[in-house]
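Several structures are given next for inspection.
Same chain, two partners: subunit A is paired with subunit B first, then with subunit C.
Take a look at the complex of A and B:
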């Protein structure tokens, strides 16, 4: 009985896996086809495995520059979100006062505000300060990412006994050293979570960069990908090759970081 | 090595609750002082003020004549052991012990030597590369002690360091801490709610209640000469027995019972006065010959402790416990003559609860 049940679950798991991998399969096989081939048969492998699409997409996208822009914006934003949110949450969790409680609830409440409701005034204000550029975009991401990150860090920090801070202070550490030597390393599981959530969101974001980045050469990958979708033509073969190129860095990153990501998440689960 | 002076030390929290009131104490160099009292008596708050982890609301605290009120904890040259050990979970035992020395900028070789010395004293040599989660409670406690001793600090503060250990380990660690103090001779302040720890470890005990010092003295002083009913009842296990009654001539009278007090033991001017007398369990016992301080009582409960019985009985509405030699054959429900050693009785004022000397 038990065996049969596992077998059913296995089938369900395989089906879900296929369903999840199917878009990647379609993206991958069609990135090697000509435009005509895609419209003839979208599911079959290409007649000829040619890298022409990749070469064209690489040049059209100005891939290295675009990748650099995406990396710069994502890495800077995520690093700054992690540093500022962890420090802010630490201050809010340790300094128990009415002001800290109110501030914390303001951060939590900010999560409920839909981005679309603030985007026009935000872009207008940033425009007046001449910050509609990569720096401005990073600044905005810190603001939008801080709420959830502070919320997550705050929860984790409340589970770290205050006596650890006190022990470190008596051991001779100042507040800065207490945070960086003792508290921050203990936040590793939640830092991994915060990093993953923000990397996924920022790396894939289209709307905010489309409003902020208006200079050629500063576009991110999702922005640049729109280059293949004109008013009259949609160059699916190039777009899919471009998309495959775009997800490669993420896969490579995950390949190298998977051990610490899984460890980070599971460490958090045990606690 | 340090001499501490606390003058009129007071701690008031934001909600105006007074946690510690007019705390005056001088701690001599090399002393092992134990703050003892029930939960909420202010002992930990006082320790935290000494550590610099709580602000001092009023009064002064000084170490070796230097006022410490505004000095940061890291600059007080103190080491502290916490109730929950407060070991850094992401660091190994070695790193935990070396942390303070690294912050001081000490050369690596010296750090290594100091940590290894401390680890040898505490039997931690085999665990230096382990993380705290891979250690038992007793080993964690040792690491916490190790972290304190590598510092070679002027003053050790210990906040209920044994309360998370099981009773057997607690007794073992108690001895180890005492040995460590004899070896290092560092001035130590130790907080506990366990009077046995206080009695066995302290050179002097500070007994506190509701933020106020009740008595300061050696274990023997506070046991034999308690200043008030609270101290008398708190120190000693089982606790001192109390009887309310009246002095009539040389007799202590309660209801129908009259107990003769020897002249030498009776304070002056108590004739016809209401008093509380306190008698330790070991002073309510069995004597073969009956006299005017022997009373026949019905034994409610008899507990065999090995070498002696603890006998629980009631006299004139007062429950009490006595100690009787285990060679006698006793059982609950029997009537048994108990001798009240009135020369050992302590007299207390029923209104102020202070001892009448």
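Take a look at the complex of A and C:
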């Protein structure tokens, strides 16, 4: 009896899986078609698998430069978030006092503020200091990414006994060495979670870069995709090739790191 | 380490500087600006509560608030229902379990902007072409009416977020004691009874987490709104985040937009605090 039920669930699951992938399938097959072919038939595979749309989209998106910008901004921001948040959380978890409690509360409370509530003054102030560029953007990501990262690190650090620090101190290590050589390596699992959550968010962010990056050649993938789509809105064959290109790096990343990604997202949400 | 130590402040410095300049100062400035007539170029003068009084009569803002609320309620229910169903399917003893998890979760890795563009193609081109084939005219007008725009957004968000919520439910479902489930099965409990009396009470905390995450994500939605409907037709599917953006950067009324942004913050904060309160109360009960 149990076998029969699982067999039904298996079929249902697979059907739902196909339904979930259908949008990607339709995007993919239509990205190889000519404009005329999309007009007549959107569901079947293309008559000819031609890469013409991809060549045009690749050039129009300035794909290598755009990919480089996204990588540069995401990698730098995430590294800096990890370093600064781990350090801050360490200080807060090791010096238990009223100041630490208040600071921790402020960091966590900052998570409640929606981006729209600070967006206008933020852009104005940074504009006055000529900081509306990639460097300024990375700095802003540290500010917006710190809260959740500190929260996660703080939880993990509370599980590492203080006696470990003290033992190392007695052996002659200074604070800096204790943290980087002994504590930080022990935080590796939570570092993976922090990295993944921030990578997903920063890589896909559109609104902040759209307000901060105003120089051609510095755009990230979502930003460039927005302009590209606006230009080719009636030319689905090119738009779809562009979208497929834009998704490709994420799919490759997911293929290699799916286990850590799903675990990271799940840990981040529950803690 | 003590708070008097230089090392303490050295370790905190990078985050303190970034958070102050990126969040704290703009937030305080924002509150101040919301009481002025500032437009981005000239420093406006103090106008008291005028901006707040005006937004109470601003139909476009109130419409967007109502649309956002409706959208959030419907989405939260659907996403949680679908997410829990998917979690129950993939945690049952089926062969394709891992592959299905990967599949359902995939949309979450891709940016909302790009997902919105993909679904624009599905709703406009694919729906129209299928509608033509089967002779259903209702499929040919998607995203061109308020109602189809609304459901378009709901479908997009459910498809995207159900996999995320599924992952959360899975984490709780895996913590269920297997012996208990097996014992109840031997005792002859039906699968509905097992779900109702064993699974449901034990995964209840997952509901709070998931509800809050979906509510917060749908209420603050911007990217998907921008790329799927762009707020159209005639701003009727414009959500609060987009309405604030347009007030600021299209109509260039900075101070007025900032007042709306403060109200937006207050609503989000109240919902979040209610969530914390709710959690605490339940923890006490248990």
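FYI, the second predicted complex is superposed on the first by the 237 of 271 C-alpha atoms of A that agree within 3 Å, B and C clash if a C-alpha of one lies under 4 Å from a C-alpha of the other, contacts with A are read in each partner's own complex, and residues count from 1 in each chain.
Criterion: a contact is a pair of C-beta atoms (placed from the backbone, for glycine too) under 8 Å apart; a residue touches a chain by one contact, two chains touch by 3 or more.
Bear in mind the structure is a predicted one, so any value in this text is a computation, not a measurement.
S.K.: Could you tell me whether subunit B and subunit C fit or clash when both sit on subunit A in the superposition?
M.R.: fit
S.K.: Quick one: is A:171 in contact with subunit B, with subunit C, with both, or with neither? Answer first, second, both or neither.
M.R.: first
S.K.: Quick check for you: in the superposed arrangement, does A:216 touch first (subunit B), second (subunit C), both or neither?
M.R.: In the superposition, A:216 touches no partner, neither subunit B nor subunit C.
S.K.: Looking at the overlay, does A:26 come into contact with subunit B only (first), subunit C only (second), both, or neither?
M.R.: In the superposed model, A:26 contacts subunit C only, not subunit B.
S.K.: After lining up the shared chain so the two structures overlap, which partner does A:38 touch, if you call subunit B first and subunit C second: first, second, both or neither?
M.R.: second
S.K.: What angle, rounded to a multiple of 10°, is defined by the Cα centres of subunit B, subunit A and subunit C, with the middle one as vertex?
M.R.: The angle comes out at 100 degrees.
S.K.: For A:247 in the superposed arrangement: first (subunit B), second (subunit C), both or neither?
M.R.: In the superposition, A:247 touches subunit C alone.
S.K.: Considering only touches as defined above, state whether A:122 meets subunit B (first), subunit C (second), both or neither.
M.R.: second
S.K.: Going by the contact rule stated at the top, is it subunit B or subunit C that touches a larger number of residues on subunit A?
M.R.: Looking at subunit B versus subunit C, the one contacting more residues of subunit A is C.
S.K.: Quick one: minimum Cα-Cα distance, subunit B versus subunit C, in the superposed arrangement, integer Å.
M.R.: 10
S.K.: In the complex formed with subunit A, which residues of subunit C make contact?
M.R.: 1-3, 5, 7-9, 11-12, 14-16, 18-19, 21-27, 29-30, 33, 40, 86, 89-90, 92-97, 99-114, 117-119, 121-122, 125-126, 129-130, 159, 163-164, 167-168, 170-171, 191, 209, 213, 220, 222-223, 226-227, 240-241, 244-245, 248, 254, 257-258, 261-262, 264-265, 268-269, 272
S.K.: Can you check the complex and tell me which residues of subunit A touch subunit B?
M.R.: 161, 163-164, 166-174, 177, 181-182, 185-186, 188
S.K.: For a test of understanding, state which residues of subunit A touch subunit C in their complex under the given definition.
M.R.: So the residues of subunit A in touch with subunit C come to 5-6, 9-10, 12-14, 16-17, 20-21, 23-24, 26-27, 30, 38, 41-43, 80, 83-85, 87-88, 90-92, 94-95, 97, 99-100, 103, 106-107, 110, 112-122, 124-125, 139-140, 142-144, 146-147, 150, 175-176, 179, 200, 203-207, 221-222, 225-226, 229, 236, 239-240, 243, 246-247, 250, 253-254, 258, 261-262, 265-266, 269-270.
S.K.: For a test of understanding, state which residues of subunit B touch subunit A in their complex under the given definition.
M.R.: Those residues of subunit B that touch subunit A are 51-53, 72-74, 78-80, 82-84, 86, 88-90, 99-100, 103-104, 147, 151.
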